[in-house]
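Dropping the structures in below, format is structure tokens.
Both complexes shown next keep chain A, but they swap its partner, so chain B is in the first and chain C is in the second.
Take a look at the complex of A and B:
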């Protein structure tokens, strides 16, 4: 099975492209102290708002900090927010989806109405409300994105479980007296893992986008910690004189989200050619 | 003492349609059925498809609950049995061996989990030994532990399903059309296996089938079911030689 999937994946150029960018970004995040040419928070007031040059390939910002280094360090924030938020989303969404689909009846109704409630607010709006009440910092951002983005996945998992639970091997597991938790996580989960994987990959891109948006509004990662969102904020005041301050972090967000979307859609094609 | 006793058991299913979930049709699957299965007995439950045979099997296995009537297992109502303790008493083998084994789990995992359930914790080595022994009992190679269901043929899969049922050391195995999806040559092998296992483990079977040929070779007693009702029952030879009910005669004539 795995070999078939791997063969199909290798032929999917978009997916390979997405995966390569994602791996590069992960490397940048892990090795940022080694890769960045300067200290991202070291100010140099004699070199404020310099355009791209050999010394500063992406230029410097209004405090004379090296933009390339700040962008590389920004990858750390984006990657950690993306992955941790998605980890939360997958944990909550999958567990509730499994329980909802498997138990049916009242439990199902309660969980599905909860999903409806969360879904009727636009995600970004919901995140904004929650952050407004909490202290805006990176940890809160991760948690809030995680706990507001699970409903879509929950519905998806539930729908899959509804079809899987009617299969004979699940009835056989019930007749064999296996505990419900084991049936859910050992027998059903591996059969619904494909859509979870796809949705998690797409979710990383989405979480990064939300984090950038929040940081841009000043409700996310707080300066001086560099995040692509807050680099954009500091750039917007100088957009007429220093295009590089807005263009490069914007480009970083664009490429990252694109990479995760390509990878996610590639995985979908590989795992489920029907869709 | 009877292992299983059904007293006036009925079950119907409703078909709902539309947004308001109005009942579009009410299908009576099992209608006022009473039967008992004793120790060491092989009972054949015969009837055409849609006749309620599988529903009776699934009710005894605890997958469905009856609408009315009582099911007693060892003289204790079915509702009072926990899923786990019931599994050690009654187990079920399903018709289609291609869908009754989880495609994502290896045979070792499938059997290992039920062996562990049957009597508690044990070391990994013990578990491997027991799994291999079980595989040998149903005539499979010991090396097949690490294989996945799709690597087996239909007959081999049905052997795995039988091994799974055996691993819980039940007293009664409900076999729902266990050979009807297999080749004729494989069918007789599997039926032979059922007979061997019965001797070895003193099992009782409820053998659900539409094929009177299978019943004649295997069962002590048969029950003929038509439209969810029992129309005739008795010793296999009696029923096959002197069928009284027209439906039984029809089934028999279809044989020739």
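Take a look at the complex of A and C:
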């Protein structure tokens, strides 16, 4: 079975392209100190706001810091926020989805109402409130994105569970007296792995978008730690004179999110050929 | 049918409750009161600060404050802004038209572009057009809206000087009137509407394409073709009507996204809408305004879903006659 998936995956050009970029980004994040030509926080006031050149391929910012190095270091932030937020999203969404679909009745109703509530909220507003009222830092950003993005996945998992739980082998597991937790995580979960994998991949892209938006508004990762969002914010003030400060970090976000979306959609094609 | 709508409305009540409780709870989770901001500290004596705390009941536990807030809400009283003492409802009412104008324009744009785009790429699956629209869709999903806004501002506002980059009207608006004033606002609308529609457009056209692909495989489409109907009639009269049905629901569901997106780009474009009001309120810890904005936003979302449900039921006889 795995070999079939692998074969299909190899033929999917979009997915391969997405995966290559994701791997490159992970490498950039892991090896930032080796890859960046300069120290990302080293200021050089004689070289403020210089356009792209051989010495500074992406130019320098208002404090003379090398934009390429800052962008490479920014990958660390985006990747860690993306993956940790999605880890939370998957944990919450999957657990609640499994419980909701399997137990039915009152528990199901309560969890589904909770899903309705979170879905009716303009999520970004909720995130803004939480971050502004707690403390804007990278940990809060990860947690908040994680706990606001689970409802979609929860619904998806629940729907899958509803169709799986009537099958005879689940009935058999129930009759043989297995504990519910074991039935849920050992017998039902493997059936819903595919949609979880797809939404997790798409979720990383989305989390990176939200983080950059928050940092752009000054509520995410705080300077001087370079994040693509906060580099853009400082670029905004120099929009009339220094286009590179606005263009390159945004391009980095765009390409990263695009890569995760291509990979996610590719995985969907591979795992669920009905679509 | 009426029973169905009635049930839907009843379901709104717990949702509104839930949203307001969560907002309230989070605001009060944070250490410190709105009176602790430096702005407040520097301008106001401690005596007045105590009075302020007493008036708004800020010294009571959050659930007591919430119940008081609910009591006032039942009289449609959202309270007054901490910042300038203006009634919250009046502040929101002042900002709502700009937000509605922006969102309705972008919903309209999404609809008139996404439907033909989705239909065409479904009918000509794997053609050049389908591929190009696929690229547009992925770009729409992946582009950070605030960055797109910045780039468009650089290109159209600063380099080409074609369009205004901020606000809803020119400063000199009082000197012009009638058509010129409308044109002026329209010009200010172009960039914000485009930016806000771009993401929604991607989702919608993909959705239309998916639906259309499913519908044209149905037996009744084969029957229509076998009857010898013109391809145009088959597509428009038989396929499109069925493919568009679920779109109504998706339109309704896209409202929170539009409102939520507004918090960023209304700020960038200095658009005098609800999103910017909400952002400013959050930054200055203006509790009553934050509560007002989140309640109204939730209400708008629910109203949008409700209208979508009614429209869906009206369009789909299977639901209408149930």
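Operating definition for what follows: the second predicted complex is superposed on the first by the 275 of 275 C-alpha atoms of A that agree within 3 Å, B and C clash if a C-alpha of one lies under 4 Å from a C-alpha of the other, contacts with A are read in each partner's own complex, and residues count from 1 in each chain.
What we mean here is this: contacts are C-beta pairs under 8 Å (C-beta built on N, C-alpha and C of every residue); 3 or more make two chains touch, one makes a residue touch a chain.
Small disclaimer: the values here were computed from a predicted structure and weren't measured.
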{"item": "Partner chain(s) touched by A:80 [first = chain B, second = chain C, both, neither]", "value": "neither"}
{"item": "First (chain B), second (chain C), both or neither touched by A:113", "value": "second"}
{"item": "Which of chain B and chain C A:137 touches, first, second, both or neither", "value": "neither"}
{"item": "Touching partner for A:236 - first (chain B), second (chain C), both, neither", "value": "second"}
{"item": "Which of chain B and chain C A:126 touches, first, second, both or neither", "value": "second"}
{"item": "Contacts of A:95 with chain B and chain C, given as first, second, both or neither", "value": "neither"}
{"item": "First (chain B), second (chain C), both or neither touched by A:44", "value": "neither"}
{"item": "Contacts of A:253 with chain B and chain C, given as first, second, both or neither", "value": "second"}
{"item": "When both partners are placed on the shared chain, which of chain B and chain C touches more of chain A", "value": "C"}
{"item": "Residues of chain B touching chain A in the complex", "value": "58, 61-63, 82-88, 91-92, 94, 96, 99-105, 109, 113-114, 117, 161, 164-165, 168"}
{"item": "Contact set on chain A toward chain C in their complex", "value": "113-114, 116-117, 119-126, 128-130, 132-134, 205, 209, 212-213, 216-217, 232, 235-236, 239-240, 243, 246-247, 249-250, 253-254, 257-258, 261-262, 265, 275"}
{"item": "Residues of chain A touching chain B in the complex", "value": "167-169, 171-179, 182, 186-187, 190-191"}
{"item": "Residue ranges of chain C touching chain A (in the complex, touch as defined)", "value": "11, 14-15, 18-19, 22-23, 26-27, 29-30, 138-139, 141-148, 150-151, 153-154, 158, 210, 253, 256-257, 259-264, 267, 278-279, 282-283, 285, 290, 293-294, 297-298, 301-302, 305"}
